[in-house]
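Next, two complexes with chain A in common: one pairs it with chain B, the other with chain C.
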Partner chain A sequence: MAIKNKKLNLKDKYQYLTRDMAWEPTYQKKEDIYPDERFEGIKITDWSQWEDPFRLTMDAYWKYQAEKEKKLYAIFDAFAQNNGHQNISDARYVNSLKLFLSGVSPLEYAAFQGYARVGRQFSGAGARVACQMQAIDELRHSQTQQHAMSHYNKHFNGLHDAAHQHDRIWFLSVPKSFFDDARSAGPFEFLTAISFSFEYVLTNLLFVPFMSGAAYNGDMATVTFGFSAQSDEARHMTLGLEVIKFILEQHEDNVPIIQRWIDKWFWRGFRLLSLVGMMMDYMLPNKVMSWAEAWEVYYEQNGGALFKDLERYGIRPPKYQDVANAAKNHVSHQAWSTFYQYSQATNFHTWMPEEEEMAWLSEKYPETFDKYYRARFEHWDKEHKEGRRFYNNTLPQLCQVCQIPVIFTEKDDPTVFSHRQIKHEGERYHFCSDGCCDIFKNEPEKYIQAWLPVHQIYQGNCGGADVATVVEKYYHINPGVDNMEYHGSPDHQRWLDIKGLKPLKSNSEKKSAA
Partner chain B sequence: MSYTVTIEPIGEQIEVEDGQTILQAALRNGVWLPFACGHGTCATCKVQVLEGDVDIGEASPFALMDSERDEGKVLACCATLESDVTIEADIDVDEDFEGYPVEDYQATVTQIVDLSPTIKGIHLKLDRGMTFQAGQYINIELPGVEGPRAFSLANPPSRADEVELHVRLVEGGAATTYIHQQLKEGDTLNLSGPYGQFFVRSSQPGDLIFIAGGSGLSSPQCMILDLLEQGDDRQIVLFQGARNVEELYNRELFEGLARDHDNFIYVPALSQAEEDAGWQGFKGYVHDAAKAHFDGRFSGRKAYLCGPPPMIDAAITALMQGRLFERDIFMEKFLTAADGAEDAQRSALFKKI
Partner chain C sequence: MTIEIKTTSVEPIRNTYSAIARRFGDKPATRYQEASFDIEAKTNFHYRPLWDPKRTLNDPSRTAIRMEDWYAVTDPRQFFYGAYVGNRAKMQEAAESNFAFCDKRNLLTRLPEETQHQILRLLVPLRHVELGANMNNSKIAGDAIATTVAQMHMFAATDRLGIGQYLSRIALLLDGSTGKALDESKTFWMDDELWQPMRKLVEDMLVIDDWFELSLVQNLLLDGLMYPLVYERMDAWLGEQGAEDVSLLTEFQRDWFKESQRWTNAMIKTVAGESDGNREQLQSWVTQWEPRAYEALKPIAQATTGLDALDETRAELSARLKKAGLESTGVQA
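What follows is the complex of A and B.
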């Protein structure tokens, strides 16, 4: 037909620029070149239906990213030169950065590895290119996060060995095992897990709390990183949507497989986010919103709209969504109590909320906080003030799947721990929930291999026979300096010095033990 | 004061109210632009300004680079207009879109027909023929009614100066009340057209499904008349939904077409026919009639939907569950004063449906 528009649209331009980047193999079979594309049972009938969500040439990509970096590092430099750490709301805030740096930044790196790997697995060129670009984005995020926070490492404790700690510290096996599970899955499950469930459905619940938290607490370096990353995240979210639509439309046999993965990765993501919930409600001196409010906006409303649209493909909302929705009023309190008790083995400080923070929690959690949690916290606070700061020396039972201690409670009764167990090939396995137990039952041969930190300590595989040795030698945590109670810690002392509330100490005493 | 933005490459022109962003104006006028965050941080909605002055608003420096600002790029989600503007957006031109120019016409009312208890057929003679694609609509100005109102053309393009509109009386609707109660034969009105992206994609193979509800029959009527006049030999099935037999208008027209054309099938469906002993046809909603007719399998076909939002929504769900997806579904939603101002919150999963 006649050409009505002389101008090509962007999609056509992109296609002309990239059309010769892929080719049909002649002397090797496609199945041999892409051996992992089939074993998950996903059927792709026509890769040409893939709509490239990025539409970026490599040339343009480098140009954009280079300018982002230039701006970002100019702000990091200004932040460092102006001693930006002195302008944060309170030094307790830095502990959320310790959690981010050891819990989240290594996941960006794991995402980089994951996308680089699956970017090799698809016979469709569009999906390969999208994964490769996202891999580079993730590597950039991991690096820039470390650089954003490196300034704090000069002034506060506990930020010195995040990558090592991610591999070893007990609770960091929660985020680590999440990504290891995804990366050891097939390429389509990886994309469903990370691009769709994580980047699209749950990313706002991870990013908004940390980045708004940074903004509310005067941390300009991290806020700026957040803006720089968010311009990439939109592409990642678009990829997540394209992936799910593409797979669901390719063949109806894909629908039940995707449903099982959505169930699994929603639940794993929900469990992982308990750490974020605790950070929002307890670790930010200036609060952004409560975890329950964030869950309502970003999951119940946004996720609700998404799953309503997905119903048209025959996909239903994730299994156990009701349990997750009901838990929004409990998880942050239960997680913080656990970290408070086990703070001798964390890489950050913990503390009991101050009176006005307790009042905020009562207001935000009218149904649960006063009824179930306040008394315990007031008791611990009193014990601490009387010289008996509580630390729990009994190592907890971990869930075989999410690796979180079995600390969460039943949906219908917050006074009863949710604990499931099954026998598999003569061994007994423990779970925090039906959600995690179901995941195990679908793939027991995968999860019986889980490296559970508590089991490993008891088996003598973590450098020592007692917690103190494991923490110091195996985790690279300086006990009493990097962790335990915040009040009276070197970080606390230094903050009082910075704010002129106590006489400044000399630099030589910096980073000394309490 | 408001300005006009012309969106290339589709050439669609829309009014942007004072303080409205380009994205808001586009979405409200049914023009889909890519977007995600909606507040200037993600750059998904980046567009090129070709002509005119734009205030870039609160675009993040990481989402809209300095070099891009120099090139005239803006983020549609935070850009506002300071003059009439032409932008180029990352949207596809439909190769079946003919892009006939919008012009102003004078129309004289020649006949007003009671099609059903709530729907009138309005016949207008234009001062000259209008070139349009079957399925498109016109904007008409009515005395005492602020702003033009959109109605789909029911006459085929071959009757270029004999406009036929189907107008359902909407409770509280100023324009439809005027048309039903005051408009009379011999009145003259101003209208402009043609508008819209609802037309048959002739270049796309596949048998055709039309699903119409209420006065949403107008566009499918025009499209089917045109297809049959052109001798199109694909199978065409029209599902027409109405509450009861009184509301089922133009039935004789389509029964006649079905007799005369082997490739045309007409399936009327009544949603409130329980007590109607005389009704031999399908009882239930129109999307269920389509499901029953095709045994729930629609793949390989193209579907054109026209009617009120709940009908469209139910039809899309039925089609998708029968393996027909966004690229194969085209629609015109009839929004009226009776519909809520805002749809329920939507995800970004679908662009057009």
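What follows is the complex of A and C.
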């Protein structure tokens, strides 16, 4: 060993304070200590090549994070004390928080569990430590979100039982199955799915739109959480990029495996983001940007540059990217149509866009909105005003993989539903797209296990034989209070009271109609 | 006279989330409650894990311990993330000023060479034990059922990483931050006979599959013997060698252990009190592992404080276990 008399640089010092605490075991076999590291076929020849994506010792972590928490909770306290919920743009906004608390916060918790596990599974101590830091960060996010929204829960309906509903409500199986898929995979796929595809490639289309929505709609509690989590997210994104480069550099045999995972997780992520698209275009009273604009900036431009950069490793852009790009002008409208029809079974309210909002949609979607969607929405609006608010009482066919009802249309023809089916071991399975069908074909034994909410209701596993019972008893949705039409709902009434307004004429008509 | 700011009062329509209200009633809840109860997925999992196809995700059968409701295990410190980092930030501030003080006055480097050698041989290798504890607690956090249980182990995981880093920094103080002392200290961990029973124990613990067994062995049995031995008895012994300044650099560990017994004692009491089956299972693990933890620490005690000190800590642990209705073998408490 060379005689050391030079002071360690920061990089080496951090390594001494992390991975150097590990050692080569001799009393137990390495394969027994790290039994999950090989079954996916990923080859790691040298963990010492791992570059620490950030250098944060625990003492510094405690110090910085405690400062951030102190500031954050000071804002939460001030927000509650001053009844900050009265200053939001409009009570319809709170519905995006209901979607967030039941659809996204439980994923933060699942991420905590997943990262705690991979924080033990890898034999490379540098990677383990980085994953553990993300684990505790994700725990932070899941908990601060409960606290950020706690005050809203006291003044609005539909936020009251998010984790219970995440396990049960039909559309929440979309985000849940996404994360279950990642957590039930091996450690390398988990990181490709969550650190790379989710955190690095798609975070600006998932987490950020909710936080920007909060900023644009006067929600000080949630946006302050967003700012406070920003430096955590930056760390998670650096980890995501390091993970993918490290695996690709380790062995050429890893390239096709990673490519398959990128294809899969891009598509699963894209489908999951339909929920965010409808939130941005329909649920925010003050719009940040349209879903199509967000997709162009954050996926087509930023993602394009990223995949250009990864070309040197032999990685190409995700399969069916062209389908996703073409769908940006349709998905939010198709998703909102669906939620509008099935609002009797959602934990939030839906409504038809106001005149100005329709005009905004026409402007943002010049090629699709007026042509394919406006007439339907105007019709539903008219029906509602005439006392026939439309609810669809037929349960939809779900996609076996993404679990979204088969509502999306063909790339080349927005008037034809995209529907694929195959037979596997004598059973017929249905899919929303070639993307989801491919995912199934690669791992049929996994996706045949899916807990499909509609099938489960029909099989009698959800507490009742009719939708009304399932919704109330199994989902814990208070009928007419948490769900259905916004206009005339208790939330709407309370908002009018808060603002000291008498119901507008059109609204009171809607109310009496409802 | 008091000043009175007029505010509009707005009556809430409920006081807390429904899951919290089901447990504690519809009344204002604490931050600990809203952050810690029933936020973990419980049912309707979609796919069986490829790494454990016989079970589901969040499967309670990853331990032999059975609880009607794992949320019965709670944290007497009421730590959720914010409370945890706030507490540790204060502790690290004290540690930082101690390290700075020692550094500034060269309190370690002016110790006799033999004493410095003893620190590298007898104290610093514990950083590897800490890394094992870090890995074990991370695994438990990933496997445990209920947030109240999982988060305590996640906090323990990051605590142990931090403690390993403080121990490493003692060596960096000794060698002027070149890494030489850490390299030397690691050779003791790998090759010195004194450390081999401990290294074997730590490696054996890394293959324990049952997460509650692992928590018992790590957080109760090994820590329960090791922390009082090393950071109380050995600390006093080092003081007798003229190295009392080392105490400044291990104060974090003493405070930490005192605090961590609060949750480990509460956890074991609740779990053992749940059923005879649980108590019997715990007892068989105690019988199996407590003597091994004792044996692993024996050479270290013999080289420093003498065996009596280890027997004293064994009696302390025995008294702790007794409160949960568990007997440990070896020494009468």
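In this text, the second predicted complex is superposed on the first by the 489 of 514 C-alpha atoms of A that agree within 3 Å, B and C clash if a C-alpha of one lies under 4 Å from a C-alpha of the other, contacts with A are read in each partner's own complex, and residues count from 1 in each chain.
By definition in this document, a contact is a pair of C-beta atoms (placed from the backbone, for glycine too) under 8 Å apart; a residue touches a chain by one contact, two chains touch by 3 or more.
From a predicted model like this one, the values you see are computed outputs, not experimental measurements.
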| item | value |
| --- | --- |
| Touched partner set for A:30, first chain B, second chain C, both or neither | neither |
| First, second, both or neither for A:71, with chain B first and chain C second | first |
| Contacts of A:371 with chain B and chain C, given as first, second, both or neither | neither |
| Chain B versus chain C as contact partner of A:11, first or second or both or neither | first |
| First (chain B), second (chain C), both or neither touched by A:112 | second |
| First (chain B), second (chain C), both or neither touched by A:309 | first |
| Comparison of chain B and chain C by chain A residues contacted | C |
| Residues of chain A at both interfaces, chain B in one complex, chain C in the other | 1, 4-5, 7, 63, 67, 72 |
| In the complex with chain A, residue positions of chain B that touch it | 8-9, 36-37, 41-44, 60-63, 65-67, 88, 90-93, 95, 99, 203, 316-317, 320-321, 323, 325-326, 344-350 |
| Contact footprint of chain A on chain C as seen in their complex | 7-8, 10, 12-19, 31, 34-36, 38-51, 57-58, 80-82, 85-86, 88-89, 91-93, 95-96, 127-128, 130-131, 134-136, 138-139, 141-143, 147, 150-151, 154-155, 157-159, 161-162, 164-166, 168-169, 172, 175-180, 182-183, 186, 189-190, 199-200, 203-204, 206-207 |
| Footprint of chain C on chain A - complex, ascending | 1, 3-8, 12-13, 16-18, 20-23, 25-28, 32-33, 35-36, 39-40, 57-59, 61-63, 65-67, 69-70, 72-73, 82-83, 86, 105-106, 109-110, 112-114, 116-117, 119-121, 125, 128-129, 132-133, 135-136, 139-140, 142-144, 146-147, 150, 153-157, 159-164, 166-168, 173, 176-177, 180-181, 183-186, 446-447, 449-451, 456, 476, 494, 498 |
| Complex interface listing, chain A residues touching chain B | 1, 4-5, 7, 9-11, 55, 63-64, 67-68, 71-72, 227-228, 230-231, 233-235, 237-238, 241, 244-245, 249, 252, 301-302, 304-306, 308-314 |
